[in-house]
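Across the two complexes that follow, chain A remains constant while its partner is chain B and subsequently chain C.
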Partner chain A sequence: MQVALKIWRFDAVAGERKLVDYEIDAPEWVTLLDVLDLIKDQVDGTLAYRKSCRMMICGSCGMRMDGAAVLACKIRMYDIAQSGHIPVISAMGNMPIVKDLVTDMQPFWGKIRAMSPWLQPGYQDPGEKEFVVSEEQMDTIHKESLCIMCGCCVSECNSMESDPEFLGPAALAKGMRFVGDVRDHATVERLQEYSGQHGIWDCTRCYFCQERCPKGVDPRDAIAKLGAEAMKEGIDSDMGAKHAKWFVTSSKTTGWLRETELVPKTQGVARSLKEVKFAMGLLKHGKVPPPIPPHVAKDVDEARALFDLVSQQGRGGAAGIVQGEHALERLEFEQGGNPDRDPFGEGSFPEPFLPGQGEGEEEAES
Partner chain B sequence: MDPTHDVVVIGAGCAGMRAAIEASDSGADVAMVSKIHPVRSHSGAAEGGINAALGNASEDDPVKHAYDTVKGSDYLGDQDAIEILCNEAPGDVYELEHWGAVFSRTPDGRIAQRPFGAAGEPRTAYAADITGHVLIHVLYEQVMKRDILTYEEYFAWKLVIEDGRCQGVIAWDLLNGGLKSIGAKTVILATGGAGRLYTGTTNAYACTGDGMALALRVGVPLKDMEMMQFHPTTLSPTGVLITEGCRGEGAYLLNKDGERFLVRYAPNAMELASRDVISRAEQTEIDEGRGLDGNVLLDLRHLGAERILERLHGTRELSMTFAGVDPIYEPIPVRPGAHYHMGGVDTDVWGQTGLEGLYAAGEVACVSVHGANRLGGNALMETITYGKRAGRHAAEWALANTTIDVPASVEADAERELKVLLDRSDGERPWRIRDELARTMHENFGVFRREDQMLEQGDVVRGLRERYERVVVEDKGDVFNTDLTQALELGFLLELAECMVVCGLARKESRGAHARPYDYPERDDESFLRHTLVSWEDGAPTLDWRPVTMTKWQPEERKY
Partner chain C sequence: MRTVAYYKGCLASLSAKELDISTQALAPKVGLELVELERVTCCGAGDIHEAEPDYYLHLNARILAYAEETGSDTLMTVCNVCTLNLRQANFQLKGDAALLERVNANLVSVGAPAYSGGVDVQHFLWLVSAGEGYELLRQAAHKGLKGLKIAPFYGCQILRPSKLLGFEDPDKPSSLERIIEACGGEAIDYPAKIKCCGFPIIQAREDVALGELIQPIEQASEAGADAIVTPCPLCHLSLDAWQSKLREQTGRDFRMPILHLSQLIGVAAGLDDSELKFKRHVVSVAPVVEHLRI
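And now, the complex of A and B:
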C-alpha cells in the first residue's frame, strides 16, 4: 500500500525547520516506526529518530502525530493510509529538539532524578530473605511501575508549557511509585519534597498526560494520589492543598462550593484582599452568590453521608483515588470486538482438530 | 585522551548496570557507555521471569536448579559456571527485591514463582508479564542513587589495546558527533545479543552483537557461536515475542489445515513441549508445505473473548497492532524466530576474557551456563549474577593497578578509518546488505542446518562482506547520525555471521539449538562434547575446540 507522511525536519546546526512530504510503498502490516525506517533506508538516510525494541516497552520512539504524542511503534498505519489522511509527524513537545524527531531528554531525566527515585527502606532489615509484602500492597503501585519513561505525557503537559520547571507527570508518577511502596520509609520527606513549588499542586488537572500515556500509567491519577497522601500526612500548606481542602469542607458543611470563601481560604486573607475588586465585580453580575447568609443545600445530608462513607471505608489518601481507570487511548483494546461475530462462523479459519478425529466440526475439540 | 576511569562498562542493560553497581560498591570509579539510554536496553523486554531456587512455591534447592540447567544445555554448559549461577541466584534475587523490585507475590507475601519450560520446580520469580522492565528500572534507580556516570548515546566502536591489555574504548558521540576515547584500567563488555542477524527475531534493533565483534577484532575468541535459540511463537512478520503464557492458557498450534500437528512430534506434552522441540516441529510443517505463508497458527479462539481479554490482553494488543489480527476471531500467525544467543565472548567464571583488562557479562558473554540450549528465566539470572561477578573482579583488578595509556596514534587511526567511510560518496547504502544478510541467515542457518545450505551461507556472507567494503553513509552530519552507527553495526553483524557458519559446519552432530536432521541427527558426545572457539585471523575466522567442564553430572539422553 502507499503510505504518505509529512515530517517536520529540524536541522539544529543550520537552525532550519521545514515540513517535508514523503510517500512510500509499504506492506500492510507496518507501524509508523516501520514507515520511518523505510523512508530512512530508501528515501533519506539523514532522517533522525530514536528506536529500539519496536514492541512498546523501551520508550525510545515517542513523537507527535498530528500534534499528539504517540509511540511510533504502537501506531498501525493501515487504517490511516486507507482513509487517505496524511498525518503530520513532529518531535515531542515541552523538550528541546536535537534533530528531526529526536528531543533532548536531559531535562526529563533531571526531573526523574529530583524525585530521589530509589527505595529508602530505612532501618528495616529483612535479613537473608525478601521483604514480606502482600499481593494487595504490591498491586498498589502496579500502574506506576508500568512507566517506560517515554515522555509522551510530558510532551502534552499543559502545566509544563507555562512552567518548564514543573516536575511533570512522569516524574510525579515515579514519586508515587515510592510513596505507595510499603517498603519505603521516606514517605513524609518525599511528600514534603514533592509538595513544594513546581510540585504536586502545580498540576492543572487537564488530564492530557493520562490520555496520551501509551502504557496506562494514568499519571494524573498518580498525582492525585500523591496529593491525597500529602493531606493525610498533614502536609497541606501549599495553596493547592488548601484549595482542595476547602472543596471538601465546603461541600461537607453546606453541600455547595462556597466560592467567595474559596479565595481567602486558599490564599489567606491578606493576599485575597487584592482580589476584592474582582470579587465585587463577580457579585454585581450575579456570578457568585452573596456570602451571607451561607446558602445550605437541601440535600446536604447526602454530601455528608458520602463523606462519612469514604472515611468509614478507610479510603483516605491514595486509596480514595479511583477516577480515570480507562484512559481513552486504551479503550480500543479493552473492548471485546464485535459480539455478533462468530470466530468459527463462515469465512473463519477452520476449527482445530486432532488427526484421527477426522476433520468434521462435530469431532473438533474446543 | 579524554576522561579516564577505573572501570568502563560498555552496555547498560541488566548485565551492564549490575556490573557497574558492583564496581562502584567495590570502591572503583566506574562509568557506563551505552548507545541507547540504559532503560531502553532490551533487557526491559523480558516478560517471563528470572530463575532462582527460592523455594517459595515448592521444595527447591540450587542443586535441582543446576541439574535442570545442565540437562537443558544438552550437556554443553560448563558445570562449574552453572553451579555458581544456581548457588548465588537466590541471594542475588533477594538483593534486587531489597532494592525495590516490584515482584509479584504469593498469598503469604513472598516472591511468587511460576513453572517454566524444562524446570523441575516452579522457580521462575516474576513481576506480572514485565519482569525485565521491572529489573531494568530498579537497576537504573540504583545507578542514579550511586550517581554512576553514563556516557549516554555513545556508540562504542573500538577497544583500545596497549601493552597487551585493554585500556579503554573509542566511541562515537551520537548527540554531538565526533569520536571520543575513554581510558580505563578494565573494560567490561555488556552489549547483549545479536538477534538482528535474522529477519524474524524477538530482539531489538540495538541487538547487533557489537561487543562480540569488538572482542573478536582484538583477538579474543568467541565460544559456541552456532548456538542461537529459536523461540517457537514469534509474531509474523516482525518477530515480536508472543508469550508462552498463551500455550499455558491452552492455546493450540495449528497447520494450514487446522490440524494440531504437535500430536505427531510431542504427543504427550503437545503445546507445552520444550522450545526447541516445538520450533523444530513448526519448521518441519512449514518446510513440508503445511504452513500458511511461512507460518503456523496459534489459535486462541476457543478460549473465548472473556478469558482472552482478562488473561492475554497484552498478546491481543500486540497481535492487533503488529499483525492486524484479533485473536478472538482469528488465529495468530507465528513462526520460530531468533531469540537468544547462547554463544558469545569466551570468559571464565569471573567474566575475564583471555585478554588482560577485558571482561564480558550477560548475553554478549559465553561463560557458559546455557550450553546448547538456554532455559527460560536463566538469561536474566545470568545477567545479574555474572554482571556482579565481572564488576567485582574488574574493580579489584583496577584498584590494584595504576596506569592507563591510550596512545594518540590509536585515536588518529580510528579518526582516519572513520573519515574514509564518511568521505565515500559512491556506492551502495547498507540497508540492502543488512536485509539480505538477515533473510539468508534465516533460510540457511535457521532452525535446521543442512551442510549445503551452511556452505552456501558462507559464500553469501563473504559476498556481502565484499559489498560492505564499498558501502556509503548518506548522512555526513555530526548530530544524531544513526545512518553512520547502523552502518558500523552491519560491519559487526557480518563478521559474526561468518563465525557462526564456520562453527555450525564444524559441529557435525545435533545438540540443543544446533539441529542437523539430514546428516547428523544424533548427539555425539564422543566427538563433540566440547565448545567451539572461533577467532579472527587475517580477515577470516579460524576454529578451535575446548572441552566442557564437568563436575557432578554425566551426559544422559535429554527426554522430557
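And now, the complex of A and C:
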C-alpha cells in the first residue's frame, strides 16, 4: 500500500524548520516506526529519530502524530493510509529539539533523578525469614510501575508549557511508585519534597498525560494519589493543599463550596488583601457570593456523617483511588469489545511459559 | 419531553447563577424537563478526589443515589468537572459489586438512599448536540446568531480522559461546532480549544494558570472571534473574570466576551435579558448583543 506522511524536519545548526512530504510503498502491516525506517532507508538517510525495541517497551520512539504524542511503534498505519489522511509527524513538545524528531531528554531525566527513584528501605535485616509484600500492597503502585519513560505525557503537559520547572507527570508518577511502595521508608521526606513549588500542586488536571500515556500509567491519578498521601501525612502547607482542604470543609459544613472564603483559606488573609481591587471588580457582577447567610444544602448532615464514617474505614490516602482502579480497567476492557470476559477473573491470564513446552509445535512450523 | 435529573453543582448555584437561569429557561425548548436535585452537595471537584478520595466516592455515590430516586435514568450536568467526577464514580461503583456494597451500606447508615447503578451521567452539551435534542435545538434556535464568529472552547474534563467521557474524539471534537452552526453562527477553529484554561490552579499558582489561560483567548482573538463559548462554568469564570489579570500582566486588553453554552443557544432561541443575565459577566457581552440587534 502507499503511505504518505508529512514530517517536520529541523536542522539545529542552521536553525531551519520545514515540513516535508514523503510517500512510500509499504506492506500492510507497517507501524509508523516501520514507515520512518523505510523512508530513512530508501528516501533520505539524514532523517533523525530515536528507536530501539520496536515493541512498546523501550520508550525510545515517542513523537507527535497530528499534534498528539504517540509511540511510533504502537501506531498501525493501515487504517490511516486507507482513509487517505496524511498525518503530520513532529518532535515531542515541552523539550528542546536536537534534530528532526529527536528531542533533548536531559530536562526529563533531571526531573526523574530529582525524585530519588530508588528504594530507601531503612528496615532491619529480617533475619531467617523474608518480608512478604501482599498483592494488595503491590496493587497500589501497579500502574505507576508500568512507566517506560517515553516522555509522551511530558510532551503534552499543559502546566509544564507554562512552568518549565514543573516536575511533571512522568517524574511524579515515578515518585508515587516509591511513595506507595511498602518497602520504602522515606515516604514523609519524599512527600515533603514533592509538595514544593514546582511539585504536586502545580498540576492543572488537564488529563492530557492520562490520555496520551501509551502504557496505562495514568499519571494524573498518580499525582492525585501523591496529594492524598501528603494530606494524610499532614503535609498540607502548600496553597494547593489548602485549596483542596477547603473543599472538604465546605462539603461537610454547608454542602456546597463556600467560594468567597476559598481565596483567604487558600492564600491566607494577608495575601488575599492584595486581591481586594480584583474582587471588587467581580463583586459588581455577582461573582463574589456573600458568605453570610451561607448557602446550605438540604440534609447536609448526611455528608458530614459520611465523612466521619469513612474516616474510620481505613481507605484514607491513595487507597481511596486505588480501590476504584479495577472497575475502571474493566471499563476499558469492555470498550475493547469483550464484555463477557472478566479481566481479573479466573483463567483470564495466559498460562506461564515453562521450559520444554511448545517446542515440538515450533519445530513443526519451521 | 425527556425527563432528566438535574445536578447544577456549586458555581451554577452561586457565582455563575446565569448558567442555571439560562439552562432552566432553555430546557423546555430543547425537549428537556429538569428535575432539580435538592438534597445534594458539591461533587468535590478534583480537590476532594485528591484530598480525601474515599469521601469523594461517597459524596458522588450519594448524588447518584438521589438522582436515581427521581426515577430518571439520566443525570444531567452543566459543568465539566462535575461530569468527570460523577462519571468516574459511577463507573467505579457499577464495575465493582463489592465496592458498591460497601458504599451503599455507608449511604444507608447515614440516612441516604442506596444506589443500584441505574443512572447515566450526561453533560447538557451531549444531550443537545446529537439525536432528538439536536433536532429540537435546530428548530428552537430560529432567531439565529446572524453569522457571528464564535470560538468553541471545550475545556479539559469533558474530553479527557476519553475512557471515562467518551462522547467524541478528544482531539477533534465537533459537538460545539455543530451547535454554533445550528444557531446560525460561524465556528472558529484554533489549536487551544481543547487545552486547559488553568482554573484548577488559578488560586494556588496564578502565574502558571495565566500562562495557560492566555492561549485560548489570544488565539481566538487573532482568529477574529466575536466571542468564546464554553460548556464549563469553571472555564467561564477563568476566561471571563481573569481577563483583567491578563491585561495587568501583558498590557493586552482582549475584551473577549465569554458565553455559557446555554446562553449561546439561548440568544439564538430568543430568550430575553432576564433569562440570559449577561450583566453578570465581567467582560461586557454588549458587542455580541448589538450585533444581533442589527
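Everything that follows uses one rule, which is that the second predicted complex is superposed on the first by the 305 of 366 C-alpha atoms of A that agree within 3 Å, B and C clash if a C-alpha of one lies under 4 Å from a C-alpha of the other, contacts with A are read in each partner's own complex, and residues count from 1 in each chain.
Here is the rule we use: a residue touches a chain if its C-beta (ideal position, glycine included) is under 8 Å from a C-beta of that chain, and two chains touch if they have at least 3 such contacts.
On a predicted model such as this, the values are computed, not experimentally measured, just so you know.
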- Query: Does chain B (first) or chain C (second) touch A:Lys274, or do both, or does neither?
  - Reply: neither
- Message: Taking the superposition on A as described, I'd like to know which of chain B and chain C A:His142 touches: first, second, both or neither.
- Response: first
- Task: Give one of first, second, both or neither to describe whether A:Phe166 is in contact with chain B, with chain C, with both, or with none.
- Result: second
- Check whether A:His85 is in contact with chain B, with chain C, with both or with neither, and answer first, second, both or neither. neither
- Task: Check the residue A:Leu282 against both partner chains and state whether it touches chain B (first), chain C (second), both, or neither.
- Result: second
- State whether A:Leu257 touches chain B only (first), chain C only (second), both chains, or neither. second
- Examine A:Cys203 and indicate which partner it touches, taking first as chain B and second as chain C; both and neither are also allowed. second
- Item | chain C-facing residues of chain A, complex | 66-68, 158-159, 161-163, 166, 201-208, 210-211, 218, 220, 223-224, 227-228, 231, 238-248, 250-251, 255-257, 259, 262-263, 266-267, 278, 281-282, 285-289, 295, 297-300, 302-303, 305-307, 309-311, 313, 315-321, 323-324, 326-328, 330-332, 335
- Interface with chain A, chain B side, in the complex: residues 36-37, 39-42, 44-45, 54, 91, 94, 97-100, 102-111, 127-128, 130, 133-134, 137, 141-142, 144-145, 175, 204-206, 237-238, 240-241, 252, 254, 257-260, 263-264, 297, 299, 301-302, 305-306, 309, 313, 316-318, 320-324, 326, 328-331, 429, 431, 473-475, 477-483
- How about chain C: which of its residues touch chain A in the complex? 10-11, 13-15, 17, 38-42, 44-59, 62, 88-89, 91-96, 99, 102, 106-107, 109-112, 156-157, 160-164, 166, 170-171, 191, 195-196, 198-201, 203-205, 207-212, 237, 241, 244-245, 279-282
- Task: Would you mind writing out the residues of chain A in touch with chain B in their complex?
- Result: 12-13, 27-29, 31, 40-42, 44-46, 48, 50-60, 74, 76, 78, 98-100, 102, 104-105, 112-113, 117-119, 121, 126, 128-135, 138, 141-142, 145-146, 148-149, 178, 181, 183-184, 333-334, 336-337, 339, 341, 343-344, 348-355, 359, 365-366
